[in-house]
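To keep things clear, I will list the structure first and then write my remarks on it.
Chain IDs A, B and C follow the sequence of writing; residue 1 opens each chain.
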Amino acid sequence: MMGQHIVEVEGLSKSFVSFQAVKHISFQIEKGSVYGFLGQNGAGKSTTMRMLLSLIQPSSGKISIFGKPLKGNEKFILSNIGAIIEKPDTYGYLSGYDNLKIFSNIFGRSTSLVALDALLEKVGLKGRGKDKVKSYSQGMKQRLGIAIALLNEPAFIMLDEPTNGLDPQGITEIRNLIGHFSKNEGKTVLVSSHLLNEIEMVADSMIILHKGEKVAEGKVRKLLDPAKTLVSIETEDLQHSMSLIQESLWSKKLIAQNELKFEMEKEEIPLLVKFLVDQHVAVSNVQSNHSLENYFLKLTNS
Amino acid sequence: MSMRKLLEIELFKISKRPRTYISFAAISAIVLIFQFAFKADGENYMNLMLQGINDSFQLDKQHAMNGYFMCYIILNTLLVQVPILVALVAGDAISGEANMGTLRLILSKPISRTEILMAKFLASIMYTIILLIWMAFFSLILSLWIFGSGDMLVFRVAGEVSQIMQIAQDDIVWRYLAAFGYAAVALTVIVSLAIFFSLFAENSIGPIITTICIVLVFTIVSNMNIPVIDKNVKPFLFTSYLVGWKGFFYIATTEDGIPIKGSMENIQSIQSSLMILFAHIGALLLTSMYIFKRKDILS
Amino acid sequence: MNNVKIPTLLAISALFVLHASAQDVNSLIKKVKNKLDNIKKYEATGTMKTSIAYLKIPIAKVKIQYKKPNELAIKSNNGVTFLPKSVDAISLQKIFSNDFTAIDGGTEKVKQKILRVVRLLPTSQQSNIVLSTLYINEADLVVEKSSTTTKDEGTYEMDLQYGKYIQFGLPDRVTFTFNAKDYKIPKGLTLDFDNVYPKNQKIDKTMLNKGKAEIVFQQYAIN
């Protein structure tokens, strides 16, 4: 139903002089969900997000946010969006406080130190407000970017590659924050990434873009097929191992002629390894490709 | 979001950048050097300017080299270089934000592009006016303090004739106020030009250099004395009108050649120059707004 | 005998007339000079209007100081005043300070008056003055006009008007023209606004090399 969709995009295209960056994509984002944009670098994710923020004019298509067409309603729509596009760039020669004050003023929010400190604490930058942003680490700049995105308490948050350049702890924190926005605060979040794990872990629904085109869209769980885990096994005697597999039920899972490559459920991997070991086959290496990675690679390679 | 608030934000950002203060330091240094040089050896300059007259007239050169005269000399040189200093800030307006990556941040906020461009334009003008006030302090107030006051001599070439005009001491200050006002308008053309070029770049160097180059080339052409260029090219170059502030010091005279207090020789010329400058500002600003509104922000 | 006598008589008569005329001119000059010699010093305040094509300057308040025999100085309290250097050179006292031969030039109608024309030729080779032609008001024993040619500065012309100080031979108004070099500002120094000479101003090209100064004496403090 239309009322449940915070974003509706129909037939969106963008052509630049030398190439077409986005080709007739359509999607809808449900209110309160986390929506993933997945695609390789140059797939059109950032271009699409920029069009949603009115930074780029579409060549054709319609964009509707909060039930209103974007064109003509930019002020209302943008006042309810918080966004980080690509790197979270801020004014490096200013302090964290000064950066927040600038944007607080734009939104007509309080610029008191108490309010700014509360925000900085929320994103894990407590005590760093006075420092110039150019002295921040990449992770800290990311957090400041998020703080600025949250200043106006937006109903819709757009995060473009939010975990770029972060350490594992930082990545976890961002993931938790995204989950918190959606589950606890009821915000709608759009997250883009070329890292497949990220999308799988945070998104409820997603769209996969490849060379400006939509190649898939839907609920993440529905798109993921548990049966699509790709397993690759190395043994010390390939020929012997191949003949054993071909004579067993495991042959149905085999997807290569001259290699021990299988497509199976994740839970079946230890059973296969046990089978080989029981047949006195020395297993030297087991590799499993992520299901989504497999799916994504398959889609984008076709 | 009021324009006043946006303007405050822009001025705040300008004030926090070290490059802003280069201009103030440069002007102070240049003016102080001039004043030192004239204090030490100004008589030689006066002798140079008065060669040919010294045989027929005697003049108290120390009194002639008073603060008002000094300010005129300084402005003559400085107002050729100040466009460069103004371009340093104005040329950074949009391209600087693009370079820092903050342009997409600002434009994804609920402010119209017209408001942002106007705020940057007004902030650059305010910076220019503050720079002029600083210049006025150093070149006029300080010169008066060092060299004293008195009637002002204005040296001028009008067609084939060289002239020296003397303006009474009590008839000078309003002329300087008007001249600075005119200079503000003239420099606003530079601001508009620099901001216009700033739209097309993601790095400030390009717009700054382009603006400076255009001003230099146009100034050179404006100062050529070739009849074809005089008629067909010069009237259309804004640089032909940048030195129009001097018109406030070209005093009108009676038929006997006696200066008329409070008068200007060619007020229509100044008025038309101002109109041409305003037309340039309007055209550049409107074109900039048109382009900026439709520009895809890829930075 | 009669043929020789008449021309001789005529020649002798002419000599008498000439001598008498010369006596008359010398006597006139002496009277004019003596009148001026009675002034040991004076200080006058007044205004000076200088006209020359390349100077647009206001009327200056000046002080004129004279000390016998021929020290004449013009000063201004304003500070910025263009004072013609030649003022001193053409003062009457300076003219009369030279030894000269006076030649009667007859009379001429000048300014609705009949004035006696006397030409003074300095006898000294060192004198800067080559020739001075004075137009003298015989009744008042004052010079009303002069034209002085010098070796170095060309020819000056002076016009004098008298008022309440006529008894001292001191004028109320003196106008003199002088030669001046053409003036050109070194190129590139001015960066001018409009290169075209303004249409509402006329250039009197005859005044490019000639200046005129008009001094109005307001108050004399004599001796």
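Before moving on, here are some points about what is shown:
Here, contacts are C-beta pairs under 8 Å (C-beta built on N, C-alpha and C of every residue); 3 or more make two chains touch, one makes a residue touch a chain.
Keep in mind it's a predicted model, so treat the numbers as computed, not measured.
Shown here, the protein chains touch in a chain-like sequence that does not close on itself.
Think of the whole protein's Cα atoms as having one middle point; the chain whose own Cα middle lies nearest to it is B. One finds 102 Å separating the Cα centroids of chain A and chain C. Here the CA centre of chain A is 52 Å from the CA centre of chain B. Note on chain placement: the centre of chain B and the centre of chain C lie 50 Å apart, centres being C-alpha means. Shared contact sites, meaning residues of chain C that touch two or more other chains, are absent. In chain A, no position touches at least two other chains. Remark: chain C residues 49, 51-59, 78-86, 178-186, 189-198, 200-203, 208, 211 touch chain B in the complex.
Touching chain C in their complex are the following residues of chain B: 48-49, 51-53, 55-60, 63-64, 66, 76, 80, 150-153, 155-166, 168, 223, 225, 230, 243-244, 246-247, 250-253, 255-259, 265-266, 269. The touching residues of chain A, counted against chain B in their complex, run 16, 50, 53-57, 74-76, 78-79, 81, 83, 85-87, 89-94, 98, 102-103, 105-108, 148.
Per the touch definition, chain B reaches chain A in the complex via residues 1, 5-6, 8-9, 12-13, 16-18, 100-102, 104-105, 107-112, 294, 296-298.
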